[in-house]
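Scroll down for the structure; my scribbles are underneath it.
Chains here go by letter, A, B, C, D and E, matching the order in which they are written, and residues are numbered from 1 within each.
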Amino acid sequence: MLPNLVLLIVFTYRPLIDNIRLSFTDWNIAAPLANYIGLENYRAWLSDPNSHLVLRNTLVFTVATVGLSLVIGLALAMLLDQKLRGRNLVRSAIFAPFVISGAAIGIAFQFVFDPNFGMVHDLLSRVGIGTPDFYQEPGWALVMVTATYVWKNIGYTFVIYLAALQGRRTDLDEAAEIDGASAWQHFRRVLLPQLRPTTYFLSITVLLSSVQVFDIINVMTKGGPQGYGTTTMVYQVYRETFVNNKAGYGATVATIMFLILLVVTVVQVRVMDRGQRRD
Amino acid sequence: GTGSTTSDNGGGGTAGSGTIDFWSNHPGKSKATEQKIIAAFEKANPGLKVKLTDAGKNYEEVAQKFNAALSGGSLPDVVVVSDVTWFNFAINDRLADFAALATANKVDTADYVEGLYNDYQYDGKHYAAPYARSTVVFYWNKDMFKKAGLPDRAPTSWDEFTQWAPKLQSAIGSGKSPIILDDGSNYLDWTFQNIVWNYGGAYSKDWTPTFTDPGTVKAATLLQSWAKNKYLKTSADSAADFSAGLGAVLMESTGDLGGFKDLPFELGVGFVPAPEGVKTCPTGGAGVAVPQGISDARKANAIKFIDFLTNTANTATFTQATGYMPVRTSATSDASEAAYLKANPNYEVAVKQLPRTRPQDYARVFVPGGGTMIGEALDKIVAGSDVNGTLSALNQQIQSAYDSQLKSKVQK
Amino acid sequence: MASVFFDKTTRRYRGNDRPAVDALTLDIPDGEFLVLVGPSGCGKSTTLRMLAGLEPVNGGRVLIDGHDQDGVRARDRDVAMVFQSYALYPNMTAEENMAFALRNAGVSKADAHARVADAAKILELEPLLDRKPGQLSGGQRQRVAMGRAIVRQPKVFCMDEPLSNLDAKLRVSTRAQIAQLQRRLGVTTVYVTHDQVEAMTMGDRVAVLNEGVLQQVAPPQELYDNPANTFVAAFIGSPAITLFDSEVTDGRVDVFGLAVPLPREQAQAARVTVGVRTEGWHVVGEGEDGIPITVELVEALGAESFVYGRPGGDPEAPRIAVRVAKRASPEVGSQVRVAVDAQEIHVFDAESGERV
Amino acid sequence: MTDSAVQGDEVRDTEQGLVDDGPELNVSTARKVVGYAGMLVAFLIVAVPLYWIVVTSFKERPDIYTQPAQWWPKHFTTKNYPAATTEIDFWSYLRNSVFITAVLSLAKIILGVLSAYALSLLRFPGRSLVFIVVIAALMVPNQITVISNYALVSQLGWRDTYQGIIIPLAGVAFGTFLMRNAFLAVPHEIVEAARMDGAGPLKLLWRVVLPMTWPTLIAFGLITVVNEWNEYLWPYLMASDSRVGTLPIGLTQLQNTDGISNWGPVMAATVLAMLPVLALFLVLQRHMIKGLTAGAVKG
Amino acid sequence: MASVFFDKTTRRYRGNDRPAVDALTLDIPDGEFLVLVGPSGCGKSTTLRMLAGLEPVNGGRVLIDGHDQDGVRARDRDVAMVFQSYALYPNMTAEENMAFALRNAGVSKADAHARVADAAKILELEPLLDRKPGQLSGGQRQRVAMGRAIVRQPKVFCMDEPLSNLDAKLRVSTRAQIAQLQRRLGVTTVYVTHDQVEAMTMGDRVAVLNEGVLQQVAPPQELYDNPANTFVAAFIGSPAITLFDSEVTDGRVDVFGLAVPLPREQAQAARVTVGVRTEGWHVVGEGEDGIPITVELVEALGAESFVYGRPGGDPEAPRIAVRVAKRASPEVGSQVRVAVDAQEIHVFDAESGERV
């Protein structure tokens, strides 16, 4: 415990605090010195119309990825929890995209979604549906990035759910069976409550990691189209800090993001721990 | 002021350790070439060693790593900087004055191609030497031009192209575009400069943004009308689309030439339109710079290495391996280079275009985030937003970015 | 509502050579209350689980109402079960646990509530309906498990030691309630227990299993009076019957020196195993014919006592358990003389253990 | 022999080779059909893009950019693979990746399990605060930590060293969180029983709690391995070249041109980088055994 | 090895107003075998858990060997426990489950093996030592849980209904073995059970709890013969004692028309509750004084029977349970006449329920 805490404090919290301090400055990433400018960065962020766009992107992207990842991940885990022939192969296939680095997936999916040579285009045109230009229309670009993210990370929710399913109490399944529960009731009233801690865990971790998605966006859209089409907060942090050199401002965005996440997560943890506490 | 995260000393690599740390992203997959040149350098300078550091997969990553080093790590001796990244380092006094160093170390800079060398000039100082440089060229699909009954050459002006566009369109059919350009997230802001300059416009004049100047507006309006008429398609990977035959014209970097092999059609390469011989060709790519924070002894070694890296012979080697522009005038007369150019006439076009190159506008390369903002606005214009409104908003954005981040520094 | 028929049903667990249930053939008519007993691990739970559809059948068949249940899911068999391990839903309150099956069957909320309330009254669970299993004591959990089954009106009840964790008083009342309920509803019931009183009083018939093999099925009193073999004789009745081998001479069997006449039909065998239950002995006075016994242990149960001792104090001899009245218990170490009741003698084949 | 019996035993045997698998409910044929159909759909959705990646790695360059797309390479080639392994110092990068991933994963698993143990089964003041501190660490994007950590690590002179890459990454928030959850799900009574049996903390963890959370531990291990294997930003800042650089850094060099990307070798390298971890998954997922708490407690 | 003292110990669960255990004061001398009984949910398990250190104490103290155990961890109390819910380690075989505590205590592998083998013999677990809990039957699991405790030589044994899932035969033998083991080792033992026979035979003393409150602690026979109040009277003995209210006139109490003399000291009260156990009644012939009873139910237990009925068939009257000999059971619906044994009458204050 202690070494872990020390590591986290030194390599995560120390930089975080540093970052908060810098959010009150006009630090240019390359500059040796920074000036204290008070809340100026915060004011700037709040009044920048792009911030609202970024916030909205982040929200849409996060909600969509969390929702889809949980639902699909659970469905797959339940499917492959059954004794079906060939499930090992399919399990591995589902896990495979998670194994590939985000950058590589981004590259591959640039291809998949390429409006001219891509697989999606190929499939759609076979059915006779026109392909939207995923790279030039902000809405579709967000759809593309979301789909890519979910596709890549489904292996994560899948594996965690699978582990939870494997560790569950089988006698309750029997009881539900005896009680004549329909598949849906069985799922809703018996299985899902047992998976509740897992679901909360996943909703928190998927949320935190999808908020921080960087690779895929950087490779596929660079935050575009039209400037902020797929820019999320973390991407904005990166862009302000390393592209626009406004490290102080980037630090501000990072701090705001941290605070939002902190609030969201503390609420989530509260709810979750209530469900888990033993009386 | 607070700034304890950042440190001013050069960190680790102590003076005269004899090892020159060269941070490169090996532009154009040049790692092997760089190693070859380094080996030759070490042979020629027995006391010196060069360490080639993988500093990233692109210029942004090199800048990121260099930034990290600036805030407390050990600095390199030589670092690759791109047309947009160098300025921020320079203005924050992180790069040594290359010209002064050259003079002090008796290195001749006169042989650098003037346009390319002057790209790194600001306020009377030079901050880098050109290294892996590219320019924009005009590519066309000869088969399509033939089909449309057009002359087998690049247009001399964009007006001329606009006249050709409907013919091209009807010849190649819908679903394909007369012209393909990058999109705003992928360097449209770079290539579009050519069109702007064609109409006498510019992104900026020195530090004053000029997006609302008539010439600029005209170019933007033209862009929008192309898009409306479906003459234009912007793409995240325009080169790939073009090479697959999805468009008749492409305006892109010379760097793509190397990739255009085995095309299913005949490729035309020409100068970008430049009415009355005005210099309208934007340059790009990267140079090599020396950090300010290292000792003089290290700087001396660094400049020695840069001189070697970009000498006539090595320029020839490098350009032939990668497809970048020769950065020295003498290189074109180098025997192997001459032979190479002869064998690759398309490539020669790019070299011949060099005298028509023009340094990029400050608004794109010097204003932090300028390129992104411009790209964003151009995306919107292509998508149909009001041209004047978008441009004047952009004008303001650039102005305020300049005011808040640069003004105080450039006027010191 | 349904008859149950086990037709040479066999269940083999992996990693276990001996079948847990071995070719069980058992016909349970509609509405019968069948009690299933046997030593721990003899296959009782397995039998119930096969009937409920929770355990695959490795051989033979299980029929409900004449229909082979192969491939029929537990859910579709309409069997209610009290699990030996309770298997309560930890996230639901006691009430929700009990109402779950009803709600699944489409019973309205109000009806379900009423039926749960009835069951809760029987099981004395009323103040606990809002608690979750984690907040209940062991016996309370067991009662919820019981309630979950009895609120239903299924084709078959399977109850696996449903009262084992209840105190005697509650057990007596619940026992009576269950029996009454079962008779009222007429639901075929298979009831596993290891409680002698339950076995003797609740069922229409009792089935005795040993190591997966059915030993005897009979009404309780008959089982007690005419056990089919020494296993059943020893298993039913507590304290257990005293068994010992003996010769038959002249139609009389030798009980530790006492010659006791046998009924004609049993008198043919040569060597037999003799069984005498606790109530088959009686203490006799000095003058009467009796076996002297050295008292080793006296168990005073309040209403009555059991005296254990060996004939003549011989440590090799089998231990005899004698039931005596409350106040009649002798001292440990003292000598008593006991006689045997000729009618109370059970005779088994010495080789096979089968009743003669 | 009846059908249900077949399902109950034989399938179980051949599929898993497990002894501990609990009894299986009867599964109707209809349900099985639905199951297989679902499996097929899932497989296709996941596998088709994967197939695309793989098949692209066998295409010659011009065949990659064609319309309509080629589902099977017109000119099948394996030359992208040697290209991927020779254009960069593939084997050195691979060696570094394996070493760093192994050390880091091991460290993280140990630290994570111990921390989770402390946070779930030990009582100490400030426990929930520590828990929040651990989770909150998940919210800090590494873009904001790298600069500061870079400064610290290079002052220690750890640039271009394994420890420079490993130590700053070794703090584990995710695993602590995950394993804490799993430990909390272990039936209470069993932990009590172990305490009564005089099991010390380590014994309790190692002999009782961990064996019961095995599937989750495996999932944790897999995810950690994957993350460390793909970790890019930090090793990239720390490493100058293939001496300590990891595979993702090496791979980027396949694509850095100013012009057109040559996808073939990139995809080939991606496939190569994916294989070791996938193999690990195949091995480990078999140990996710069902019903580990079977028979433990009543209730 | 240790005395145990509960000193006004109280335990209150969250969300539950009434304390589960309420100011329990109980002194258990070193080496005593104390049996704890009471209705389901009365706080027995909670008492054990507080002693073991698994449950915090909300009031009062628990002392072992005179030392306040507040703050002493379960691990350090050296108490062995059989959990009502078994709490076996699912990943360990039966043998490993049993050996776990020994190995933790540093007992060598060989020694541990030998001790486990001993316990396995007592519990008839020998062929099952390699199985994991999931592969065992309910009773087998319970035996493993039992074995896990008895292999140890702790200061105190806590056993929570350890034999509830065993069949009668095995239970009798295990019971005897445990009692013997306990006496041999002299380990102070607190034993929870709801089995009357266990309660009566195993313990040195029996403590009766009701709703968290201690009712009486006494040696078993005394508890049976002199219950402190109606609760204890009704709780101990099965079938339960018959209780009814009555007037005392002239030192005689009215038992359904029969005037029965009371001992002098009890004859003072005016209105009392009278209790008569099953064996306090006896069936009398036509000529004798007796209460006519209409038989409602006959429970034939093999060795004996219980006859239930109400005086004069009056449905308002309390139901009387009468113990009769095996062959003497009357028909349901018939009339029998019973008399009461004057010595067998228990008299309680009608208000407080306390023994007079």
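In this text, contacts are C-beta pairs under 8 Å (C-beta built on N, C-alpha and C of every residue); 3 or more make two chains touch, one makes a residue touch a chain.
The chain list, named the UniProt way, goes like this: A, D = Carbohydrate ABC transporter permease; C, E = ABC transporter ATP-binding protein.
Computed from a predicted model, the values in this text were never measured in an experiment.
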Message: Going by the touch criterion stated earlier, list every chain that contacts chain C and also contacts chain D.
response: A, E
Highest C-beta pair count, chain pair: A-D
Statement: Ranking chains by how close their C-alpha centroid sits to the total C-alpha centroid puts first chain D
- request: Give, as an integer number of Å, the spacing between the C-alpha centres of chain D and chain B.
  value: 40
- prompt: Between chain A and chain E, what's the gap in Å when you average each chain's C-alpha atoms?
  reply: 59
Statement: Whole-Å distance, C-alpha centre of chain A to that of chain B, is 35
- prompt: Using mean CA coordinates as chain centres, what's the chain A-chain D distance in Å?
  reply: 16
Query: Listing for chain D: what residues touch at least two other chains?
result: 7, 12, 22, 24-25, 27, 65-67, 146-148, 152, 212, 252, 255, 261, 291-295, 297-299
Statement: Residues of chain E that touch at least two other chains are 13, 15, 84-85, 135-136
Multi-partner residues of chain B (at least 2 other chains): 5, 7, 64, 67, 237, 240, 244, 246
- prompt: Okay, in this complex, where on chain D does chain B touch?
  reply: 61-62, 65-67, 87-88, 146-148, 150-152, 154-155, 157, 159, 236-237, 239-242, 245, 249, 252-253, 255-262
Complex contacts: residues of chain A adjacent to chain B: 18, 21-22, 25-36, 110, 114, 116-117, 135-137, 220-228, 239-240, 242-246
Message: Applying the document's contact rule, which stretches of chain B touch chain D when the two form their complex?
response: 5, 7, 11-12, 21, 25-29, 31, 51-58, 61, 64-65, 67-69, 71-74, 132, 134, 237, 239-240, 243-246, 252-253, 255-264, 285, 323-324
Statement: The answer for chain E against chain C in the complex is residues 13, 15-16, 37-41, 44-46, 84-85, 128, 135-140, 142-143, 160-161, 164-172, 194-197, 200-201, 220-221, 224-225, 234-240, 277-279, 299-304, 323, 325-326
- request: Give every residue of chain C touching chain A within the complex, in rising order.
  value: 52-54, 73-76, 78-81, 83, 85, 87-92, 100-101, 103-105, 134-135, 148
